[in-house]
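Each chain gets a letter, A, B, C, D, E and F, in the order it is written, and its residues are counted from 1.
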Amino acid sequence: MKKIEAIIKPFKLEEVKDALVAAGIEGMTVSEVKGYGRQQGHSELYRGAEYVVEFIPKVKIEIVVSNEYYLNKALTAIRENAKTGKIGDGKIFVSEIIKTIRIRTDEEDEEAL
Amino acid sequence: MKFKFLSLFAVLVPMAAFAEDKLDSGNTAWMMISTALVLLMTPAGLALFYSGMTRSKNTLNTFAMVMGAFVLAMVLWIFAGYSIAFGASQNATLQNAVGGLGNIMLDGIKWTDLSGSYPTYIFVVFQGTFAAIAVAIASGSVIGRMKFSSWLIFVALWGLIVYAPIAHMVWGGKGALLFDAGALDFAGGTVVHMNGGLAGLVLAVLVGKRTGYLKTAMKPYSVLLAAVGAALLWFGWYGFNGGSAFGANAIAGLAVLTTTAGAAIGGAVWMLLEWIIFKKPTLLGIASGIVAGLVAITPAAGFVSVGGAFIIGAFGSIIAFLGVVWLKKKFGYDDSLDAFGIHFLAGLWGAIATGIFALEDKKLLWDGPLKESGNRMEQIFVQFESVVAVGLFTLIGTVIVYFIASALTGGARVDTRVEEIGLDETIHGEKAMNL
Amino acid sequence: MKFKFLSLFAVLVPMAAFAEDKLDSGNTAWMMISTALVLLMTPAGLALFYSGMTRSKNTLNTFAMVMGAFVLAMVLWIFAGYSIAFGASQNATLQNAVGGLGNIMLDGIKWTDLSGSYPTYIFVVFQGTFAAIAVAIASGSVIGRMKFSSWLIFVALWGLIVYAPIAHMVWGGKGALLFDAGALDFAGGTVVHMNGGLAGLVLAVLVGKRTGYLKTAMKPYSVLLAAVGAALLWFGWYGFNGGSAFGANAIAGLAVLTTTAGAAIGGAVWMLLEWIIFKKPTLLGIASGIVAGLVAITPAAGFVSVGGAFIIGAFGSIIAFLGVVWLKKKFGYDDSLDAFGIHFLAGLWGAIATGIFALEDKKLLWDGPLKESGNRMEQIFVQFESVVAVGLFTLIGTVIVYFIASALTGGARVDTRVEEIGLDETIHGEKAMNL
Amino acid sequence: MKFKFLSLFAVLVPMAAFAEDKLDSGNTAWMMISTALVLLMTPAGLALFYSGMTRSKNTLNTFAMVMGAFVLAMVLWIFAGYSIAFGASQNATLQNAVGGLGNIMLDGIKWTDLSGSYPTYIFVVFQGTFAAIAVAIASGSVIGRMKFSSWLIFVALWGLIVYAPIAHMVWGGKGALLFDAGALDFAGGTVVHMNGGLAGLVLAVLVGKRTGYLKTAMKPYSVLLAAVGAALLWFGWYGFNGGSAFGANAIAGLAVLTTTAGAAIGGAVWMLLEWIIFKKPTLLGIASGIVAGLVAITPAAGFVSVGGAFIIGAFGSIIAFLGVVWLKKKFGYDDSLDAFGIHFLAGLWGAIATGIFALEDKKLLWDGPLKESGNRMEQIFVQFESVVAVGLFTLIGTVIVYFIASALTGGARVDTRVEEIGLDETIHGEKAMNL
Amino acid sequence: MKKIEAIIKPFKLEEVKDALVAAGIEGMTVSEVKGYGRQQGHSELYRGAEYVVEFIPKVKIEIVVSNEYYLNKALTAIRENAKTGKIGDGKIFVSEIIKTIRIRTDEEDEEAL
Amino acid sequence: MKKIEAIIKPFKLEEVKDALVAAGIEGMTVSEVKGYGRQQGHSELYRGAEYVVEFIPKVKIEIVVSNEYYLNKALTAIRENAKTGKIGDGKIFVSEIIKTIRIRTDEEDEEAL
């Protein structure tokens, strides 16, 4: 089993989610994160004091998939739908998962996904 | 806001030579609602304005500084402050500086007593809201680093030792030190705003800068709430300035107009300045400009034309803007929420500008060079004089009071760990928001 | 707030024996603004105070309980409540308890009719804001677990069956059961605060505790908003107490002073108590103390000196503090936002204390033992009597109304799943904040 | 709010044939507090109501649109708007549409001048708060996508070119185009609410829909703050409607009653509609219903009985509900915060309903068919006429002003990237909340 | 060393935490996330517009354990206390950690836990 | 490729970020988390009721690095700058990443970092 972690632009979440669901991925976990990278932050003003906000709001999607087939489908769905072509589109990281449990049913591994 | 002003009212209602002896329900209604309006300015208006600008880890402490100061100052005002400021003087020498202790706990004042045409008790509370907001303003300069205990002791002492005497010297009637100088201060530009703003600066300097000042970005908790606070301040200011006519009369009407003009132009000008200089007009900027305009027009509200009000409000906004953006940077003090930058500077400008723009109308003017001899230069000089006198007294008084408060509480500053974690959690055991 | 009180006004303005027949613009202005001030207390003041203290998953439900109760109670007040409470009595026996249905939909009252020196229509709305806040207060005890439908039916019935008769019995004029007893209740300490607070406790007991009560930490959504709510309550209270003088007169001036003193000392005392006992003075504590002080001074506002006001406010705060911190723990009921602990207990104290501290001044006093014979002990006894009578009526009436409301909606409590997820999402389909 | 209305006042106070020449302290107090109340409605009430409903990324921009519009419109109102609307006419032909430029900067008006029994300066500011809220209302339709520069230029021009002439035509005295038609508009249902609401729709259509409209869920930042805004609007509305009686008199009392009834029933009805149709009564729904009820009763406030007020408020709520839920969907325009749906539609209904429900009471009615000949059908027709006239003028004027503003700022719409990121960050460099 | 990531229902956090502590697990890191899965979201209303909120609030617990013994104890604690038996109870994922450092003491790996 | 997850004290974020950038690490993702460990929580008051807040605000930094060189530079930067020496300084966990994608350019693995 593999875990995909994708850092994307927040306003792309809806599209990516729809594409994932269309690709047969039925579960995912999403969180709000702040990214630092090549994309320039914006500056904020407070009574004449200007400061740069370097951390940019991003969304992290985590998906655990059971096999290569779904891994590839998920990667494609994310790549295609999160891309704007402009700096800051984000990154996808893949890692290994050695065990999965569905709490409700006590199913394990592939069955739990 | 001078006592002698009451006689002007008689001019407006000529059929009532003895008007001062009879309760007028319209004036009474106006003074009560004015009192409620000025009250609202502190625990709602100023508290929101200030805590909205504070970092989220200190926002409740900021609110508590304002609200706690308000209740304490009000209790002490009724207990002794009123007597010191407006009490019947028992001694001619004393009368220079204080009214005396004859009205402690309002002793000797009956519920049927009138101040002109409305009950004296209303005058007591009305004045109390001024005393309480003056010290609450000062909190804005030292948020995020002062012990709550030191702050409250400071508040208690300052109200009695600094505010009440100043109020007496300026408004305390014949024999009071500054009373005869003939300075024009319609609703407390010097007594409240300069006074509170300068006390703030003194605290900021004595307590020292916040850790990380100018190094870390100190983001405001909620600019939206700060703007709501400014709107409530504007609303309450109709009582502050309008109520300082001490009746529902034509002078109050003038004050309503000039207050509106000053606030509106102040907000517009600050917005414009930010737009031109920083390319971004901020909501906090509009709100700050409104407050600056209101502060500036306060001493002038019942004396100037609408044209004068526009000029005073506009320059009040510009001067406060410079104070906040330039002066503070130049001298490097940490006047955190700009109590000095806005209240002192715009109040100072307003006090001087009152001399420049006051209409030569004997029905409006108070006794002084302009009224007596039409000598505007001398009037402006008197305005300077009063500004300097009030400034010096505040400066010295605030330093003394600070050191007493600090000594009584083993230093007025919280330790670094507390500052780091935030005062909400450490001092109050509370958190701004639980989502 | 008694009708007969109006005659006192004549005493103050002796030249106008027929004052009651002529509209006085000052009194009318004061009663209109007082009405607006009391109105503000519910959908803004109380709603913020309460929803700021609620967990974020129930905060909108709490606000809706208050705002929904207010609009519904106000509609029904105009429709029938006013007539029941203050309508022209059609029958001597009935008159003991209710005024009758002769003024349903304000039938028979013309826009030109006056109540003393201001329009009766203003009196209708002014009284309506009291009726509506009384029931809204009760919501504070049962937030987070009551069906919205049961609550609204409860509100509708309670206003007509419990509140209106109590208002009649106490303030309904000659022939009304408690009217002749001579109890002093200046602005509704018994009728509004004890009444609403006790109704709250009854609901809390009947509906039961929140799931997880005393086990999980139930964190307040926003203490800052709760404090803003308290500030708005304070502001509005000038209409509540000041307006209960029914004119812009010297008694209103006294009420303004005592209200200020009670609120300020109440806030300061609670802050101090927390500091001493828990080592941490909280912002919510200052705000709670202000409200407790205001509740306590309400029945006494137009009767006591400033010294009395300080004592009543201070002990009101102490008693409410004990109610919240100790009594609630001891008996284990879930009076969630302390409607009982603050409004009932401080209201009860205030009602008794009014007898203890009322000035012996015939111009201030209402008919009763103290005025008639200077018999203070008997006056205090009358105060007890009225407290017990109102308490019993509320108790029984609230229980009955609750069971009707519960029966009509198939049980008044939401199911556990709804409580777990939160009432905002399940009942209203809304979320406190979308960041 | 007609000038001629002042003569009615004389009827109420018959002993004062020359009442208009003397300042009445009660009326003056009421007009000052009314002015403050209406002021509060915009930078606090409407600003909270609107920014609470906006997405968090645009909430400060929404607040700034309201607050910025308010200060700018107020400055220009004093500068020239008042003169255009209410200035002494210099030319009979001109007088049809505008008052002229004779009172630019209030030239020629002295602080001692009276409007009836209170200072003219108060009238100037009171009217200014109406002018400023009218344009601020329009912002609700175009939040989240309009350049701040275009908006402010629009505000400046609209106030002078659209609002002031309409105010003149309707309220500008003898010779003004619509003045003699005899339409009843007590407090600005047509001039303020229809006018502002329609201007909103025009902007919404011309600027275009928000990106993603109807596709993505646009979640409100804080329904709680929106509800607080509605409560403050209700509070301020007592000045809006009550102040439009121009004195603390029986007509003001009637307006206080009908305003309360309209607001309360409006809130209750919307809540019920949502409950029946969507199974969920929302807090935003109660708040929206309150506002709809208030808008609907505005033109009728001083003319109808309490029964009429209930009907007008209830149907105002129903019609606005349909406008928001059905009409908007049907035609697909993006009237984002429903300025059109609520203010225009409920205002339109209120204007017509005034003709239907106005009491046949010569002391209440203004000159017009109903008063003169008891011809209600004709009065209703006149109401239609005035609605159409105001509607057309607004429509054409707003389109013209929009294109000027758009041309001066190189298009009125922000680019997609700005819209995507949000206007708070891009235009103002601020963030709603820093937790 | 293994990392456990458990996505659970928010109101179960307290119980799970207590069970973990009882099982000898002394450290954990928790974050608020939003989950998408079989559990239906709820609908929200905004002036008559009804929209479905598909992402449901969940809590993610992350625990790094030094060996199989603690891994099993932790898994049991979570399974038993996060379960309601109703849809949406969540998932547990286990993965490999190759290095751990305690910043305060510079201890590494097993010692750092 | 390795992934570093560091749980640190929030007010140390700025310093750590600066040190990482100075060490040549150009990208990172940050999130707000709550930690449970040996560090004692604080107590809060609500009308006389005192309750302990056991979860302490922390910040989690995630960095994916392409090789040992950057791994060590990053670890050093974090260790040195997040340390206060007082309890609660936090932990660093390292794990394996098997694939990285830069969404904007479709670059993969080392190139994507």
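Rule of thumb we're sticking to: a residue touches a chain if its C-beta (ideal position, glycine included) is under 8 Å from a C-beta of that chain, and two chains touch if they have at least 3 such contacts.
Quick caveat, the model's predicted, so the values are computed rather than measured.
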Joint neighbours of chain E and chain C, given as chain labels: D, F
Contact-graph distance - origin chain A, target chain B: 1
Path length in steps (a step moves to a chain that is touched) from chain B to chain F: 1
Counterpart interface for C-E, drawn from D-E, B-F or A-B and sharing over half of its contact pairs: B-F
Fraction-based call for chain D against chain B, same above half, different below: different
Interface with more contacting C-beta pairs, comparing A-D to A-F: A-F
Chain C and chain D, separation of their C-alpha mean positions in angstrom: 33
Rounded Å distance, chain C centre to chain F centre (Cα mean): 53
Approximate Å spacing (C-alpha centroids) for the pair chain E, chain F: 18
Set of chain D residues in contact with two or more other chains: 24-27, 29-30, 33, 219-220, 248, 278, 280, 282, 284, 428-433, 435
Residues of chain E engaged with two or more neighbouring chains: 31, 44-46, 50, 95-96
Chain pairs that touch, as defined at the top of this document: A-B, A-D, A-E, A-F, B-C, B-D, B-F, C-D, C-E, C-F, D-E, E-F
Touch list for chain C against partner chain D, complex: 23-30, 32-33, 35-36, 39-40, 43-44, 47-48, 51, 59-60, 63-64, 67-68, 70-72, 74-75, 78, 105-106, 111-112, 114, 118-122, 124-125, 128, 148, 225, 248, 427-435
Residues on chain E engaged by chain A in the complex (per definition of touch): 2, 6-8, 31-38, 54-55, 58, 60, 75, 78-79, 82-96
Interface residues, chain B side, partner chain D - complex: 12-13, 24-27, 29-30, 33, 37, 55-56, 219-224, 227-228, 230-232, 234-235, 238-239, 242, 247-254, 256-257, 260-261, 263-268, 271, 278, 280-284, 286-287, 289-290, 306-307, 310, 361, 363-364, 432-433, 435
Residues on chain B engaged by chain F in the complex (per definition of touch): 216, 420-421, 425-426, 428-431
Residues of chain D defined as touching chain E within the complex: 217-220, 274, 277-278, 280, 282, 284-285, 288, 321, 324-325, 338
